[in-house]
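Given below, in the form of structure tokens, are the structures.
Each of the next two complexes has chain A plus one more chain, namely chain B in the first and chain C in the second.
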Partner chain A sequence: MVEVTDVVCSLCGCVCDDITVEVEDNKVTKVKKGACSVGKSKLMGHNRIKSPAIRVNGELKDCSYDEAIKKAAEILAASRRPLLYGWSSTVCEADKVGVELAEEIGAVIDNTASVCHGPSVLAIQDVGLPSCTLGEVKNRADLIIYWGANPAEAHANHMKRYSYVSKGFWTEEGKKAKKLVIVDVRATKTSKMADVFLQLEQGKDYLVFSALRAILYGHADVVPDEVGGVSKKDLLETVEMMKAAKFGMTFFGMGVTHTGARHNNIVNAIQMTRAAHTHTKFSIMPMRGHYNVAGINQVCTWETGFPFAVDLTRGYAWYNPGELSATDLLIRQECDAALVIASDPGAHFPGESIKHLAKIPVIQIDPFPNPTTEFADVVFPVAVSGVEAEGNVYRMDNIPIRLRKLIDSDYPPDEEILKRILDEVRAIKEKEEK
Partner chain B sequence: MGTKVNLISGRTTVQGRNLDSKMSEEYFEEVARCDMNKADMEKLGVAAEESVKVKTSYGEVIVKAKEAAGTPEGIAFIPMGPWANALVSGDTHGAGMPSYKGIDAEIEKTGDKVLPVKELMQTYM
Partner chain C sequence: MAEVLIKNGVVYDPLNGVKGEKKDICIRDGKVVESVKNPKVIDAEGRVVMPGGVDIHSHIAGGKVNSGRLFRPEDGRKGVEAKTKVCRMQSGYSVPNTFATGYRYARMGYTFVMEAAMPPLAARHTHEELVDIPILDNAALPLLDNNWMTMEYVKSGDMDLLAAYMAWMIKATKGFGVKIVNPGGTEMWGWGKNCSLNDSVPTFDVTPAEIIKGLAEANEKFEMPHSIHVHTNMLGHPGNFEITKETYDLVKGIKPEKDRQVMHTTHTQFHSYGGTNWGDFESKADVIADYINQNDHATIDLGSIILGDTTTMTADGPMEYSLYQITGRKWTNHDVELETGSGITPFLYSGKSPVNTIQWAIGQELALLVKDPWKLALTTDHPNAGPFIGYPIIISMLMSKKRRDESAEDMHKVIYDRAEYCSIDREYDLYEIAIITRGMAAKALGLHEHGKGHLGVGADGDVAIYDMSPEERDAGKIQKAFLNTKYTIKGGQIVVKDGEVVATPDGKTYFVTPECDDTLTDEMMVKLKDKFDRYYTVTYNNYAVQDAYVPNPYEIKAPWRS
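Entry: the complex of A and B
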């Protein structure tokens, strides 16, 4: 048995890097400390896709990697409007090859941000983001606001490692010397811990941000007795807490990105942070979901100039979320083939979009079987990044961290499969040109 | 005629624990369910673990009812996953993001069974 310390978790955007595991006979046998129950489940492993496979007469038939590579390359080379989607649960090295493949075949490349924090990206491009690292939050913040987020369930270590419960250089007393504000539609495990719980009416986030902004700017007189289901008294109390903080921090989740006003909600959240600057230090950050969704946004931006929803069919990069986001392409039934990697649109896209995805040839690259496998036509099992393969990822605060390899695997890493598909596509194109 | 609700979806711990194990029984039990307030469940005449049909303009799905005190009256919560998303429109209103929360839905009691994930995905073929 070998004990491995400083293991990095490849599940959520927290990317916890202080985990200790035991490895025996090339298996992770125990997660000793550091991981939450969700991260532990990832490290201990699940049922795998056993073999590469190609769908024949409606059934997936096992085949060799060579045969699957050939088939995938043929599908992509023949496609007139391919979609390359996912990229958030793999490493930046694989994402880089993905962008190269998109350029080679003239594809639209999109990532899971488009159904997660895509609206946050749009808002940040609109008004900027006064943000910081999670280390700064840990060491300085004495007021934490979670808005439309339930970290006790979705990012279970977030409060312990980085925010309300953590103890840092100037926050050595931990939660005793901090305040917690939760803004949500439902009472959740997180809201039970709150000093103030603002339970708003669903979809009224924009109004509540606006009311807080008005009060922060000294215009409490224009705020009515109730805004979006929240009493003026509670709003005034929240603003007093914001003003009294030495360092305030707002984390926001999909409660604000998934509702009515979408990116306008986030613009207003950022403007509320600016309003708070007239009194004290305040910062804001999106609660990114997948462990490397921030990383594919980084890689896609280095390579094309844009973070998601990029069309490379024109010979130059064209960015237009709302037209080129995966769900929009699928609703218009525009793409005629798709490569899905490190994500599961079968489970996480609207039913209306899945209908088209199920009709077109789909290539899936993933360690685990999931609803997308049910309609995939070519399936590649791969190594689990962070357990069986190493590589760089970006934490939710855009800090790069290197995932470690803990055990050996017979499965190839994502990057290798993508490179082989790219080589095969180039060989097909070369042959066609001759 | 069912009860009109505002439908939202989101993460849970057990859903997260099974992100890489979505074909498992535990995922099915956790995700193919609908949280409602006690008052809404009484209005529908359903008990916990009984099936309800949730309908929107974009689709319908059968899930198990579950009482959740934290969910306000008039709100229904289905953990994110294939059952919730069967009810979601693909229209992003030009913003790239579908409306996963704040969907007008109608819920009624049903004797029909909840479709397991493989059968649910078959409905898209």
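Entry: the complex of A and C
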């Protein structure tokens, strides 16, 4: 038995890196400390795709990696409008090969941000993002706001490691000396801990941000007695807390990005942060979901210039979310082949998109079977990054951390499969040119 | 053995005193040699030949740069070029993608670029992008001035332990030297505040002046190739020239361990401002230049303005906030725990604006008024004062009084009465241009000892051949020649021909290993590990940059001083 410390979790955007595990006979046998229950389950491992497979007459038939690579390359090389989608639950090294593959075949490359914090990206492109690393929150913040997010259940270690419950340099007393504000449409496990819980009506986030902004700028007189289900009294009290804080922090989640005014909600959330900043130090951060969704946005940006929904058909990058995001392309039935990696559109995309995805050839690269596997035509099982393979990932605050390899695996890493597909595609194209 | 012979060129190689001589350059296996036997011959036909350009200060890789790209798709779209058989896709103007960054520098004849600000906690990010930039050799300067460890050692006066911390951080980040940006001010920005040179930083009870002096002393405990690299306090504030001068004075008595400056101060244009507000804002380039002329311990780079739209970005968080308050445009901020911060906001430099006009004048005045070009390097603090592809514009201005007079006519009339710009007759020659674009930068970084910035035997086979004769006086033609080389040769390989990129070898990453005594390191480590246990959100064992991030390393050892 070997004890491994400083293990980095490859589950959510928290990327906890202080986990201790036990390894015996090339298996993770115990997660001793540091991980939440979901992270623990990932580290311990669960059911896997057993073999590469190709769909024949409606059935997935096991095959060799060589055969699957050949088939995948043929599909992509023949495609006129390929879509390469996913990229958030793998490492940056794989994402880089993904961009190169997209460039080679003139694909649209998109990642899970487009159905997640894509609206946040649009807002940042409009007004910017006054933010900080999670350690700034840990060491300084005495007011934490979670808006449309439920970390107690979705990012289980977030409050403990980084925010409300953590202790830092100027926050030695932990939560005793902090305030917690929760804004949500329903009571949650997190809202039970709150000093102030603002329960607003579904889709009224924009109005409530506006009201808080107005009060922060000294225009409380224009705010009506009730805004989006929240009383003016509560809003005034919240603003007083914001102004009294030495360091305020807003974390926002899917509850804000995908309701009502969508990206305009986030613009308004950021504008509220700017308004609060005229009184005291205030920052804001999206609660990123997958452990490396921030990383694919980074890689895609430094290589193409743009973070998601990038069309490389012209040989250069063309960015237009709403037109070129995966769901839109699929709803318009525009793509004729797709490669799906480290994500599960089969479970998360709108029905119309999935309908088209089920009709076209789909290549899937993933350690685990999921609803997308049900209609995938070529399936590659791969190593689990952070357990069986190493690589770079970006935490939700864009801090890069290297995932560790804990055990050996016969499954190849994502990067290797992608490189082999790329090589094979190039070989096919070379032959065609001759 | 790959051999190259460049013949019939007119060579400007200031580090070897070669001043426009007809001279052959022989390269074998990537290095300059005395002679070659069976070379590929490049006939330079009387054109200007210089060593590969060396940029001492540019923001090309890392978190800030990428946040700039991410929040400015409108800039990304400006520079799009499709992939070719040789090149990857390109995008961006002030914040070009990694590929465009390498290609565009190489086309200007540059072969080495220093990334000027690497937040230690995000060093992996900087290296991931540096690896992705084709052709250019590179290095990065970790930010070490607003770090709690630094401030605590400065306060307690433990200079040896400060040196041990500095050494560990440079090794851990695979960095090149000590970067200082608004010392104290960025820590105070953690609370939304800022400070000036002699203000005390709350909690830590040290002044920026003490931080700068402390780090200068720590740096000189090793044979570091580079001095401390300083972005002084109060960047961009009217009247800041006094603080700039005072900052120079701080380190005057410190003896450098190597034959170089004790302090390099960067983007000096932003720090040479007179007046008390934007209304009476004026150039104090003359005062700063006088200081540099009279003293030998400090060097500068220009941070010269390029007119037009750009993306400003710096670890000086409070400064970017001030700028955003002036423009009301979008603003991104990213404070980094225990270490540093950063801010980003777009900015338009307009010749119609009196302030921007004076800024334009100051950058060039510094170059024209500092008598010894070995004391300054050409930069635009890319992309802060403008994108690096504007260098040829500045070169043409410095070489042509006529060009400067013409530019002044298009600018705000303040250029005639609140700057000396139009009364300076000096014109740079090509030898001086070669100094400020390669020789000086290589020497100030200590890279001349590692084959950069010159063409002596043993130097790297990095050569730029510009498509102009040494007699060329037409400023437009000079500008054009410096934008796209006839040839750029990197390590003996032709990477640019007739202004087109024809090969894209990987660049090397240069990093310094300061060699610190184990006992000192162990003592320092107790304090540092406590910081990791209690305050950092990344563990000690996950902090240091792994070797995988620097696949093409070039290590420079810096022994403890004898």
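In the analysis below, the second predicted complex is superposed on the first by the 434 of 434 C-alpha atoms of A that agree within 3 Å, B and C clash if a C-alpha of one lies under 4 Å from a C-alpha of the other, contacts with A are read in each partner's own complex, and residues count from 1 in each chain.
The rule we apply is simple: contacts are C-beta pairs under 8 Å (C-beta built on N, C-alpha and C of every residue); 3 or more make two chains touch, one makes a residue touch a chain.
Not measured: the values here are computed from a predicted model.
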Touching partner for A:Pro119 - first (chain B), second (chain C), both, neither: first
Touched partner set for A:Cys92, first chain B, second chain C, both or neither: second
Touching partner for A:Phe247 - first (chain B), second (chain C), both, neither: second
First (chain B), second (chain C), both or neither touched by A:Asn392: second
Chain B versus chain C as contact partner of A:Ser283, first or second or both or neither: second
First (chain B), second (chain C), both or neither touched by A:Thr238: neither
Touching partner for A:Ser325 - first (chain B), second (chain C), both, neither: first
Chain B and chain C contact sites that coincide on chain A, given as residue numbers: none
Complex contacts: residues of chain C adjacent to chain A: 61, 63, 65-67, 69-73, 76-77, 80-83, 88-92, 95-99, 121-122, 124-125, 128-129, 132, 148, 190-192, 324, 330-338, 341, 344-345, 534-539, 541-542, 546, 548-549
Touching residues (chain side chain A, partner chain C) in the complex: 5-6, 8, 17-18, 92, 96, 100, 103, 121, 124-136, 138-140, 161-162, 167-169, 246-247, 274, 277, 280-283, 297-299, 301-307, 312, 314-319, 390, 392, 394, 398-402
Residue ranges of chain A touching chain B (in the complex, touch as defined): 11-12, 37-38, 41-42, 46-47, 114-115, 118-119, 122, 150, 153-154, 156, 185-188, 191, 199, 202-203, 254-255, 257-260, 262-263, 308-309, 321-325, 327-328, 330-331, 344, 346-355, 357-358, 367-371, 374-375
Complex contacts: residues of chain B adjacent to chain A: 6, 8-13, 16-24, 58-59, 68-72, 75, 77, 80-82, 85-102, 117-118, 120-122, 124-125
